[in-house]
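Below are two complexes that have chain A in common, paired first with chain B and then with chain C.
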Partner chain A sequence: MASTILVGPSARIHSIHEALKAAVNGDTILVDGGVYTEGSILIDKSVTLLGRNNPVIDGLAKNLELITIAADSVTIDGFTIQNGGVSFLRDLAGIRVQRKSFFTIRNNTLLKTMFAIYLEKASNGIIQQNTIVGEARDEISSGNGIHAWYCKNLTITGNTVYNQRDGIYFEFVENSKVSHNISKGNLRYGLHFMFSNNDDYADNLFENNGAGVAVMFSKQIGMFRNTFKKNWGSSACGLLLKEIYDGRIEQNTFIKNTTGIKVDGSTRIQYLRNSFENNGWAIKFVGGCYDNEITSNNFVSNAFDLVIESARNNNTIDGNYWSAYTGYDLNKDGVGDVPFRPVKLFSYIVSRSPEAMVLLRSLFIDIIDYAEKIRPMFTPENVIDHAPMMQKIIV
Partner chain B sequence: MALLLPNMNHMKILFALILATMMMGCSSVVDPIEYGSDECHYCSMTIVEKQYASALVTDKGKTRKFDAVECLVNFIHENPEITANNLYVNVFDAPGKLVDATSCSYLISPMLPSPMGANLTAFSNMEQANAMLQKAPGKLYSWSELLALEKP
Partner chain C sequence: MYKILKYAFYDLIRSKWSYVYFAFYLLISGSLLFLTGDISKVIISLMNIVLVLVPLIASIFGVMYYYNSREFTELLLAQPIRRSNIFLGQYFGLSVSLSSSLFLGIGIPFLFFGIFRSAEIWNFFILILTGVLLTFIFSALAFLVALQNENKLKGFGFMLFIWLFLAIIYDGLFLLSLIVFKDYPLESLSISMSMFNPIDLSRVLILLKLDISALMGYTGAVFRKFFGNDNGLILSSLVLLMWVIIPVAFIARVSKRKDF
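So, the complex of A and B:
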């Protein structure tokens, strides 16, 4: 018979430790408002920890792990967890899940923790509606907001992560979904995949991070309806793809990034119905990129729409809208009558010697770009949109 | 008139300045890593972890920076023309410090994940590495043993 144990300054039990000792599997521990400074809390029973009137679990920056989940089916709901402290030797976490399943962590606020939520060989968990604010001014003192290592079947939704190293970090994580999160002002990446396969992320906002999202050494990643905004800086980009296979990038919006998408080695990726507006470079392919398909995207007012650095190109780039297209549509079928070459000669010069950027928008550059457009000699012959759209595509 | 004549002391200072500028131009001193903004030359990841980064100074004096020791090792494997006398690594026991890679000890332990998944950590000496080995079981390597591994 599951029961509820009340913890609070005016209740019979004053500490979460005591309540956990008394609890059995299936119990709910209802914690009332107040500040609880109990050091590290180990949850080794399948219980629900429910906060009422915003109870605060404070680690007093004593460099401790604050909550460790060491049982299946644990829920932590409605707490503020703060001041975990930092360590060079250990990855300290606000909440750590160790080799357990069926956990739910929701409606919590995690402030000034090194790693906020650390999932280690955990599976079938839900991380929902948490707010995480770190202190990543100095990167060594900060870990990732939501860090998952060797995990399966995670759902990460509706969270807000500020000022951590990476907002959300996946290493060896499979079959997981990241949706409706906001990741801002993180030092490295808003969301970072390493060696992770078969994951999706959708409807997230990535703003003002070192780079929005990095997907590296991963297969079958779906990226849908995300917004990548204002990732500015010499090496910053909205989305960084490195050695990835068979991904889908659909209906995302890239606004005001130094580079919208930087691709270093990718194969069989579909770019469908994305919008690129006011970026320095919309898409920059460096390294070997094969069998990619770029269709029905909008390229609006980017300094450069496309750069492909490899000589060989077998990527398909058809049926996109390019605001830089100046052709006519005499037969009025909505498709421009002459093909469009999105790669400008000047973008080649800039990628060889970045200092040449000062010449952008000069008459000289307009002339060589125009000459190249009429008679291409340096830009790859087959990087061409055969059916440029006359109107912006509604995504 | 006397003011316009180059005074011996001024000449000395000027000469020293010119010499210093020239020396700076051709030194093989490692360019410090800007954590949080520099990018790994091998894997493109932003370098943030002060215990794991590494660097290589080419014979032309150019610094290549890496986010992990495994990226440095992989880069050396893929570019065999690189000479091995100016390699630097961050060590676990003194974060942020760049130490001569050949003099360090290396631990590969699944208990200590490194940025690029090789679980490889550098220590400034054998004692430090051994101390960690007690807490994080694994295997110790010297720099040359590490290079001899197929892929760390």
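So, the complex of A and C:
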């Protein structure tokens, strides 16, 4: 029979350690409000740790792991976990899950931990509605908000992550979903995929990070309805893609990023119905990018809409709306009669000698851009939208 | 000098061209503000207009005003007034009236749009400041060119060439030198080249204020370091002021020696 064990300053049991010792698999440990400074807590039984009136588990910055989950089916709900400390030798975590499954980490607040939630070889877990606030100052002495390494079937939803190194980090993670999270002010990336396949992230907000999301060396990643905002700085970008295959990027919004999407090697990616507004560069292809399809996107008031550096291009760029398009539509079918060339001469020049950016918005540049538009000589001939839309596409 | 300045100013603000100039800015900034509603965007669009038009109008207007008021100038020269006072008075009258058209034309719509409650107030201030300084610079150049050329056609042509050079050709040469020497570190070259052209300097100042420097990567960082802080702002304002002072000094010198 599963029973409930009450822990609290006024209860019979005062410490979580004692309660864990007394518990058996399937029990619920109900922890009442108060501050618990018990060092590292090892959960080696399948129990539910339930916080009532916001109990605080404080590590007093003594550089230790705060909670380690070493059993299947553990739930941690409603705690504030803080002051884990920083170590250069070990990856200290607020909550660590080691090789276990079916865990739920819900409604917790993690403050000033190096790694907030660290999952290693864990699977089938849910991480929901947590708030993570770090105090990362530089990349060496800080950790990630939610760190997953060799995991499967994770659901990460409704969390808020501030000021960590990476907001959410995936390395060798498969079949997982990241949705409705907010990731702000992280040093490096809001969300970071390395060698992770078949994952989706949707409806998240990435604001003011080094880069909003970085997807690297991964296959079959779906990216839907996310917002990438104000990732602004000389090397910042909204979404960074490196060597990825067969992904889908749909209905995302990119506003005021230095670079909306920076692509260094992507193959067979579909860019559908995204909006790019007021970015420095909307999409910047730098490495070899083949068989991508850029269709039905809105490009509004970006300094540069598209840069493709390689001379060969077999990417399809058709049916987008470009606010820079100046053509006409005589038969009124909503599609411009003149093709649009999104690569400007100036962006071609800037990619070769970056100092030329000093001349941005100079009259001379407008004139040579215009001349190039009429008779292209330098910009790639086949980077062309054959069917530019006349009206903004409603996504 | 003050009397002549006042006279030239009143003469000019009664002319219909001042009103056209004023109405043009009023219309442009008013309609841009009401159509987009985004002050920062409007400042960028206005910057494009101001950087091209202000120098052009100041050049043409300056040359025209000098040649048109020649008879009156000769009349004044017969009076016991210092020569430099006459020409400097006319010059300042002209620049003050052009700048006030610009200032009011852009300022009034922004005032109605609540610029004082907006975070963009400093960017707006920089825009107006560079506009006014460009007016002073180019009308001084125009006066100087007109003083030295009796032939109206030559004067106009030469002044238009100066405008064309500073607004367009200079940037072409700039770009060319950046491309030719791209294997060398070019930061100090590009900083000094943009220092020597008042139009480029104004453009860089406004762009850096509008935080577009992130687009410029490493160069942007160098530029930001140079122009972005208060010292850079003061230095570049001083350079722009030098662009006013040197031609004005020449006006005073040339007018003293000139035969009429």
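Observations
The working rule: the second predicted complex is superposed on the first by the 395 of 395 C-alpha atoms of A that agree within 3 Å, B and C clash if a C-alpha of one lies under 4 Å from a C-alpha of the other, contacts with A are read in each partner's own complex, and residues count from 1 in each chain.
Note that a contact is a pair of C-beta atoms (placed from the backbone, for glycine too) under 8 Å apart; a residue touches a chain by one contact, two chains touch by 3 or more.
Only a predicted model underlies this, so the values are computations on that prediction, with no experimental measurement involved.
Superimposing the complexes on chain A yields a three-chain arrangement in which chain B and chain C fit side by side. Residue contacts after overlaying the shared chain place A:K100 against neither chain B nor chain C. Once the two complexes are laid over each other on the shared chain, residue contacts for A:F88 go to chain B alone; chain C is not touched. When both complexes are overlaid on chain A, the residue A:K112 reaches neither chain B nor chain C.
Measuring from the middle, so to speak, at the Cα centre of chain A, the directions to chain B and chain C differ by 80 degrees in steps of 10. Within the superposed three-chain model, A:G233 lies in touch with chain B and with chain C [touch as defined at top]. In the superposed pair of complexes, A:E171 makes contact with chain B only, with no contact to chain C.
Residue contacts after overlaying the shared chain place A:R273 against neither chain B nor chain C.
Following the chain A superposition, chain B and chain C show a smallest Cα-Cα distance of 10 angstrom. In the superposition on chain A, the residues of chain A contacted by chain B and by chain C overlap at 233-235. Those residues of chain A that touch chain C in the shared complex are 232-236, 258, 280-281, 301, 303, 349, 352-365, 367.
The touching residues of chain C, counted against chain A in their complex, run 41, 44, 47-48, 51-52, 167-172, 174-175, 178-179, 182, 186-187, 190, 194, 200, 203-204, 207, 211-221, 223. Across the complex, chain A meets chain B through its residues 88, 139-140, 149, 165, 171-172, 187-189, 194-195, 210-211, 214, 216, 233-235, 240, 242, 262, 264. Put simply, chain B touches chain A in their complex at residues 35-39, 43-46, 48-51, 92, 95-96, 113, 116-117.
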